[in-house]
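Before anything else, here's the structure in question.
A, B and C are the chain letters, set down in written order, and residue numbers restart from 1 in every chain.
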Amino acid sequence: MFPKNTWYVAATADELTDKPLARTLCNERMVFYRNAQGQVTALEDFCPHRGAPLSLGSIVDGNLVCGYHGLVMGEDGKTVSMPNQRVQSFPCIKRFAAQERYGFIWVWPGDAALADPALIHHLEWADNPQWAYGGGLYHIACDYRLMIDNLMDLTHETYVHASSIGQKEIDEAPVTTKVEGDSVVTSRFMQNVMAPPFWQAALRGNGLADNVPVDRWQICRFTPPSHVLIEVGVAHAGKGGYDAPAEHKAGSIVVDFITPETDTSIWYFWGMARHFNPGDSELTETIRMGQGKIFAEDLEMLEQQQRNLLAHPDRALLKLNIDAGGVQSRRILQRIIASEQPVAIIARSAS
Amino acid sequence: MFPKNTWYVAATADELTDKPLARTLCNERMVFYRNAQGQVTALEDFCPHRGAPLSLGSIVDGNLVCGYHGLVMGEDGKTVSMPNQRVQSFPCIKRFAAQERYGFIWVWPGDAALADPALIHHLEWADNPQWAYGGGLYHIACDYRLMIDNLMDLTHETYVHASSIGQKEIDEAPVTTKVEGDSVVTSRFMQNVMAPPFWQAALRGNGLADNVPVDRWQICRFTPPSHVLIEVGVAHAGKGGYDAPAEHKAGSIVVDFITPETDTSIWYFWGMARHFNPGDSELTETIRMGQGKIFAEDLEMLEQQQRNLLAHPDRALLKLNIDAGGVQSRRILQRIIASEQPVAIIARSAS
Amino acid sequence: MFPKNTWYVAATADELTDKPLARTLCNERMVFYRNAQGQVTALEDFCPHRGAPLSLGSIVDGNLVCGYHGLVMGEDGKTVSMPNQRVQSFPCIKRFAAQERYGFIWVWPGDAALADPALIHHLEWADNPQWAYGGGLYHIACDYRLMIDNLMDLTHETYVHASSIGQKEIDEAPVTTKVEGDSVVTSRFMQNVMAPPFWQAALRGNGLADNVPVDRWQICRFTPPSHVLIEVGVAHAGKGGYDAPAEHKAGSIVVDFITPETDTSIWYFWGMARHFNPGDSELTETIRMGQGKIFAEDLEMLEQQQRNLLAHPDRALLKLNIDAGGVQSRRILQRIIASEQPVAIIARSAS
């Protein structure tokens, strides 16, 4: 169960080449390509002629040409032409609203008529030269909500990522969870701790000493349908922590776009937007490699957790204070999903 | 759904060695071997003792010996003997009518009592020194009817096989479909076109110029249950086309025997019978390699089309004029399948 | 269907290292580890916090620490602690009775309160310097009863293991099956035969001539739930056979512990306990390698037999005299399984 009338990340912009891209999102097999104007287009990956996947075809003059018998599909889901055929009465295929923004391809799996580009999640760090971004994509066999839980409770860093970003103090620092409209914010501040290896490297990347105590912060923000953006960073201790001047700290935003593929699998777009030393592309790549390795440590855990939960569908899980971020996020999702259901008309017999 | 009281190709003759051959055909696990007289035998691959597959056993004096406990199975499905056992009361296993002819093993998956070897599809080019034959076998995860559709509508050559046998003129030439009893014939003739690469090579293989205009023909003939034999060729333009004298043309029959393995998978026996330069075995091999490469291009399309159709079982596909060959073939199949169903006796209560 | 209130072999002792061991047994995902005292512990592989598999965690001071959020699980299935949490009300997870004995880890998948270590199958050859043991573990996709059948009817050696331990005389020698309480014993004695290759090597391994006639014996003993221990050996002919003095024979016990993983897969612990030349560890390894190769010959047969039986669930198999060992063993298993079912209270309406 996932919201459908909302924007999801479907792909990174550089995945769209001169060939069509097939991707299943929210249980729909879609095909993505750029039209003649270079604008991203998303259609059902199903040729109305004989059901061949259009993604095996090619893009000619901005139209998708089926690779089986040459049907030319328009970006509106209506057949444009087919050799020696009149196509007016051909059935349409589903068109999905799609947009390119911030280096990502966004798709609206629900009713395209409702798709307002203004609703695409605003990313303050994208297209901003004071920030640098690097990221990647993982496919994981788990319900998208298990990944939201994961990211809204960073105590797991101590255990899953012990050698990189985990440290005992995460467990020990109190955590605060607030619901702000449809968003959930979970915050944790650690004072006067030693930075773990990943953050030592970040300090060095910003030309700062890495062997002195720091103040560390983690501010996780869930926004529907499944974005988790996490402000993270360290400042030399006593300089103001999260609010310290730029020259005393290294701060970033961990970027997590979690798009359901099926009910039990996701496309996980992860990355880091860095607010220091943005011109250093080598540093961007070093961080990207490091983050990719760290985030890969979650995969087996999430997939095996999913297997365990499927084997025990009736077992209630604990909802501790550390789980509040995930619990509140799921509550918001439930409300949105319910609001998308058709209204049932209840007939009552007169008494 | 497929006809059962009919002959299918089960294997090529050279697949039958001195070991039993296991093959699932029409949802039945069968085992094939040669008896003491060298005649092909087909049985259910199931030992009546403990259910072991007989195909893991060996052939001794023309009988199949189970590789588990030594039961000796006769070619009639009755147990011949078993060490230290009386076998008279052992249950029989199913025997399938099987024949070897034209270099193929043929099997009749239905009622063996109805299996008349005279009904095996006649192949005029087999055992005829004026023809040469080469072919191969592919396993494809699709309904056998998708492959019939594929072969009865060659406009797909322009798209799937663009670099070998496809050419724009296929799309543009009018196509004629005729039903002749239980056969369907779809024909297309192209006048004064340049031969595509595969046919240029064929012209050279017959000692003819490859850089002059040709007349090209494609005459696809479906015969139940699932044979598609296609007369194809090119003649130097203006020499009579299909009817041109042999010295001006290069003509062949594309051979397609499509045997259902399950409801959504097939054994696809493909090949080409060549009516020119038959003694050139190197040419046979060159053509076979080329055809194998071309026909492999259909695999992904067919398997993904099948996936799409399984995901949308209720969606109606288009039936255009180019699809007429497949549509008519399916109609004949439907009639045959219906005729094989047991007649339902409808009891009516007297009013 | 398998007995649950009984001891199964779960692992070999050397599989338990300093990391937790995940293994599914009798349809339960379990995790095994040693506690602070070095005693083997078996728990459900499911963290009560969020369902993560505990086997992905680590062992700290003899407790299992969940690798996701640091929950510390006690060996009784009760949570010991979790960073910053009160854990008294956390739900317990299932604990399985487990024991280490004879170089194996034993588990009781049913009610732990009933688990009496005294019921662990006694192995006279383990911990006895007059014997040497070597063995291995195979995973096989078949019902555990197919493997019991296999081992209680050694006529299959003639066919499956023709080149090592099989010989025609096995088929020909009469077989005797006796039920002794909950055990089944199937015996076969062959007089004055030539030893097959495996036994020739064993004779040489005991310093005996390998090219003279021998008396050979096979005494298979099934004990619930699924242990089959087989006394096997050869003695120089006329020296007393099974009862011959040690200097004239080479005798062993084939060890088979068959533990259901699921309804259609097993963990198969196989080995050989040798009652001659026990100090020769090179001989132990040679025999182990040879046995491993021989026993691997059964895998494909059993897995394909299983596939055949699943495809024909209603087909009755034969129960010949050679099958008596398996048939009687299944009868005992049926009785035990029935005795473990909850008693149904049958309500009758007064007439």
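The rule is short, and it goes like this: a residue touches a chain if its C-beta (ideal position, glycine included) is under 8 Å from a C-beta of that chain, and two chains touch if they have at least 3 such contacts.
Note that the structure is a prediction, hence the values are computed from the model and not measured.
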Fitted rotation between chain A and its twin chain B in degrees, CA, nearest 5 = 120
Taking all residue numbers used at the chain A/chain C interface, answer same if over half belong to both copies and different if under half do.
-> different
When the C-alpha atoms of chain A and chain C are each averaged to a single point, how far apart are the two points in Å?
-> 48
Multi-partner residues in chain B (2 or more other chains touched) are none
Which of the residues in chain A come into contact with chain C in the complex?
-> 149, 153, 155-156, 158-160, 171-172, 174, 300-301, 304-305, 307-309, 311-312, 315, 317-318, 320-323
Taking the complex as given, what residues does chain C use to touch chain A?
-> 29, 45-46, 48-53, 56-57, 65-70, 82-85, 90-91
